[in-house]
Amino acid sequence: MKYYATVNDHTYEIIIEHPDRILVDGVEYHVDVQAINGRQLYSLLLNNASHEVVLDPASDQKSLYDILVGGQRYLVKVQDERARRLALADRNLKSPDGELAIRAPIPGLIVKVLVTPGQAVAEGEPLLILEAMKMENELRSPRGGVIHEVRVEARTQVAQGQTLITLR
Amino acid sequence: MFKKVLVANRGEIAVRILRACGERGLRTAAVYSDADRTALHVRYADEAYRIGPPPARESYLNIPAIIAAAVAAGADAVHPGYGFLAENEHFAEAVLATGLAWIGPPPEAIRAMGDKIAARRTMIAAGVPVTPGTDIGLTDAEAIRAAEELGYPVLVKATAGGGGKGMRVVNDPADLPKSLAAARREALAAFGDDTIYLEKFVPRARHVEIQILADSHGNCIHLGERECSIQRRHQKLIEEAPSVAMTPELRAEMGAVAVRAARAVGYCNAGTVEFLLDRSGRFYFLEMNTRLQVEHPVTEMVTGVDIVKEQLAIAAGRRMRWSQEDIRIKGHAIECRINAEDPYNDFLPQAGRITSLSEPTGPGVRLESGIYAGWEVSLFYDPLLAKLVVWGENRAEAILRMRRALAEYRIGGIHTTIPFHQRVMDSTRFQGGQFDTQFLDGPDGFRMSATPGRALERVAAIAAALIEHERGQEAVIFGASPAGERRGMSPWKQAGRIGAMRPR
Amino acid sequence: MFKKVLVANRGEIAVRILRACGERGLRTAAVYSDADRTALHVRYADEAYRIGPPPARESYLNIPAIIAAAVAAGADAVHPGYGFLAENEHFAEAVLATGLAWIGPPPEAIRAMGDKIAARRTMIAAGVPVTPGTDIGLTDAEAIRAAEELGYPVLVKATAGGGGKGMRVVNDPADLPKSLAAARREALAAFGDDTIYLEKFVPRARHVEIQILADSHGNCIHLGERECSIQRRHQKLIEEAPSVAMTPELRAEMGAVAVRAARAVGYCNAGTVEFLLDRSGRFYFLEMNTRLQVEHPVTEMVTGVDIVKEQLAIAAGRRMRWSQEDIRIKGHAIECRINAEDPYNDFLPQAGRITSLSEPTGPGVRLESGIYAGWEVSLFYDPLLAKLVVWGENRAEAILRMRRALAEYRIGGIHTTIPFHQRVMDSTRFQGGQFDTQFLDGPDGFRMSATPGRALERVAAIAAALIEHERGQEAVIFGASPAGERRGMSPWKQAGRIGAMRPR
Amino acid sequence: MKYYATVNDHTYEIIIEHPDRILVDGVEYHVDVQAINGRQLYSLLLNNASHEVVLDPASDQKSLYDILVGGQRYLVKVQDERARRLALADRNLKSPDGELAIRAPIPGLIVKVLVTPGQAVAEGEPLLILEAMKMENELRSPRGGVIHEVRVEARTQVAQGQTLITLR
């Protein structure tokens, strides 16, 4: 099987033919991965180097893995050949940046909404203030764009994962 | 000594106190909200009493319910821990009025130090240095004028504030109105009181605090300092003892001032006097915490004094076993607060079930924890899950030991601040001891990069591909049919297959 | 200092050594048998090398495989731990011949102390007191004659023995033939050598040993004693430091004799000289363990010396950082060996999966462990799972702390010696310090009653009834149909129901 | 539901009517039992006394519970009313002591068999020597009786749970 694993905009081509030998961008590695008591902690031996890999349970069906290794967290997207071909074809049809939903990362109270629909925002610009655990948390824009919808208003309680603002 | 102690708290500090009582042969009673029925403090206590539903207001802040539990338990003493009602003099009074011992300072001392403004006046009268500041209860307009007089940067502080809530540093006059509004909102929400005042902000300062022990026989000593400058939004994240900024002379001087501060309010039991220490060695009284402090273990590890056991003895009227000359600082201790917060996502609080847990152990490692595998972390309470404390012969060994302990610490199921602490321990600025309270928040502060180092990127990519591959193989075993069609499969057969696969 | 250390061991001691290396900034390489692929020492090492199938003979005793792993890893030093090849001079020689450093004593010292009879002669020559005994290689007939001369009780010892294997106390001449046969059988099975000899048995004696550190610059010091009398069949179960039987004068005397013993064989690195100490304060050399000892942590906790880190420094040719005057005994430490053995069933070794694990933490608790939740305990290796070590200001505090730590320690899935240790800590004879090596095995020894105390009988009965009731309720939820008919049920629905039930 | 829980020859009558109140030999107790992460560790509050109860996984379908509480291990047999009536009826038909199988508690090598069929043995008398973990372990008779069968001989390897000797 051939896989494409993308981290930080860098894609590795990984061919898994044997259970214990793989090719990474053409270079052979001896591998042995073993789950430790469940499906979140793995022991990985990679050419004898021993790594503990913690998988975030949020890692979902979309083959997106939130991986903690050596105190560093990486978001890795894994595609097999077919999925990759489909995705590449898809990218040619759509604009690279689609609509992005800003969701509540924790349940809390909206203290203030700082933007209005149609407003252009830069990456890192504060969008709203969410109070949780009695602390005010500023939610900032993950990229530049234009506010499409504002779905909440101040003094409303929001649930975790609820869409607050959409960005285009 | 007492026969039975009720611990009016939860989490790691309740466990810490229960252990100290157990090791002194005292019976223990825990209290719990409905969210905490299976919490570690309930499991480890000899007895446990329900005090209400999950919100703290209705349980851990519910004075009548806690007093009723203490009476039902037949307890003869109450330890409040930290947070919740620990610095509430009405609770202390209610405990004493019920005829129980209060394992903490006299209510008068709590009151004297709880009113920040009165405390400042008392300290000035006692010859304790304080930063310049205003009176309390300023309107926004008065605050703007006062700030000009003090000179920027200034600190907006809520009178009722604490734990960093209702506090804002303002460098630029233009930001003051916004900061005043935010501080008032936070203080109102957290403490029901939006009264504020201003202090001159001391830039590039360290937060250094002195641990105090005083008994009811007039003895009062200090156990040296703790360095608590690694803070985020005025919330401490890493503490150490001793401070790299300290000399024996300065320790003796600050210690003497702290003892003077404690004596000025008739202090008894354990307490902490917080100071700002500037770059030229001048120090200013900040406030006194009239309770056991979260970070007390670093002091215990370098002095050998068990502060909680001393609290029990002092509250029972015993004379302290230590005089100032007995206190020697040996080695170096560091504490990392392990919070249910996502350091890669602005430290947002996390909730969820702890699916797996491996705790660091071995030489020089002390863990103070309130969690276990299977525990459900809720958003009802403080995000502090555990404190990882290490001791080393010197600071270098302590940092190396903390690195290895953090690397062993695996909390599955929720994000925690462990990766943050790993980054700090790897930071040369931290290793060099060159930091102040702006280390995290300041303009040249420490940041968790959104794009972490590339060192292990390839390893992460390979691990993800292998796990994806393994999952694909499992899907093949189950058959490539969509989820809806899998339902007819025997649960027993399926369980058997899952069991036969990789996990050990 | 070295760059990379290969640890030629497994279990808790491999983890202990890996941690020490990591904390000194050294890279580490582990070795593993097929039974240990996911063992903690493999997970915690920087690198890991497979050395063979599960049986120790083919893996952890396989000298060529381990040397090959060290070469493949590019290691420049090997630490053998204890057991396995730790006292095998051929392994030490092979390591040195490969050009790697050996983190242990010179092979000549291992050899000199490994031959028990030659060691006795060397000790007699060096003026070290030994018990009367015979030459080696006795026939049964010779042994019977020799026993008469020595006078009963006598001790039958296998020349190649160790860890209590191939050793028998004989009080009655009638039992000697049976004991000779049993000792020979055990020694032959364990060491491939059934050569035996006899020693006079010292009754009512304590097993007290002295920890030695010697560097390559001619310095040799002792770190005081360990009390190891709580043994079962010559296997230590509980160790402490200091010994209640010790006075400062006797410690100085035994320490000086131990240093003399070590110097007599040109000792270098860490080692332990074992003595019998009788009731009148006379002591007799037993043997010298030319390696790191299982129970080294109790010495570390009362002296503050990290013995493993000293081993690394000494092996790297460094001069010891400690002189005899620096060594002060502070407080009291106790270690309980947590074995996979059933104390209610004659300490039968247990195998199986550790289904859940809660480890004790908090002040004064040090855990040296090689297990985790999900780990499969096999019968291939020693039953030692972990060592629970506590420190207290004095022996009373240490015992109380051990009690609370044992009460917190929950290993689910297999039986362990934890309940045994709880009973010992509760025993007034142990608390009073009035014991010798016969505490467990002797005629007035400590016994785990088949019928435990009735104190918690009612609680157990109620718990069992409630769990039975709960299980019955679950059966109702699933429907009372036989297992065969349940198969049609959706696995998803079922999983949901299981999830909704009690376990948190 | 009425249960009979027998420990150390003492039987407790336990009536569970409400989820949180039970009668033990007629005395009311407030109870709350909660499983902790699985089915082996339980937190039991009994009139506010907090106990941790560890259940041995060997506790099988026969309602026999191997329970560790406060460092004490208890073997508890639980029967509901119907099971108890059946058992009592059963006891009247059979002799109180039936045949008992001595099984290998661990895999190992039989070193020596110390008894022969027909031999009378006392409680605690050694029956055979089993070598495991390179240590010799004496298996002793759990009660007095007469050896019925000896199913193994010296120098044979036995599996865990294998019946070695039967006693009548």
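Points worth noting:
Letters A, B, C and D mark the chains as written, and numbering starts fresh at 1 in each.
Throughout what follows, a residue touches a chain if its C-beta (ideal position, glycine included) is under 8 Å from a C-beta of that chain, and two chains touch if they have at least 3 such contacts.
Not measured: the values here are computed from a predicted model.
A count of contacting C-beta pairs for A-B and for B-D identifies A-B as the more extensively joined pair. Here the spacing of subunit A and subunit B, counted between their Cα centres, is 31 Å. Mean C-alpha positions place subunit A and subunit C at a centre distance of 47 Å. Chain centres here are Cα means. That of subunit B falls 38 Å from that of subunit C.
For subunit C, residues that reach two or more other chains under the stated contact definition are 38, 44, 356, 358, 372-375, 407, 503-504. Each of residues 34, 36-38, 49, 52 in subunit D touches at least two other chains. In terms of inter-chain touching, the protein chains here follow a pattern that is not a line, ring, star or complete graph.
Taken pair by pair, the chains that touch are A-B, A-C, B-C, B-D, C-D.
Residues of subunit D that touch subunit B in their complex: 32, 34, 36-38, 43, 45, 48-50, 52.
Across the complex, subunit A is touched by residues 165, 182, 185-186, 189-190, 233, 342, 344-346, 348-352, 355-356, 358, 379, 382-383, 406-407, 410, 412-413, 415, 418-419, 422-423, 426, 451-470, 472, 502-504 of subunit B.
Residue ranges of subunit B in contact with subunit D, taken from their complex: 29-30, 37-38, 42-49, 72-73, 372-375. Against subunit C, in their complex, subunit B makes its touches with residues 15-16, 19-20, 22-25, 38, 44, 297, 300, 304, 306, 330, 356-359, 361-363, 365-369, 372-376, 393, 397, 400-401, 403-404, 407-408, 486-495, 503-504. Residues 1, 3, 5-8, 10, 12, 14, 16, 22, 24, 29, 31, 33-42, 44, 46, 49, 51-57, 63, 65, 67-74, 76, 78, 80, 105-107, 111, 131-138, 140, 160 of subunit A are the ones that touch subunit B when the two sit in their complex.
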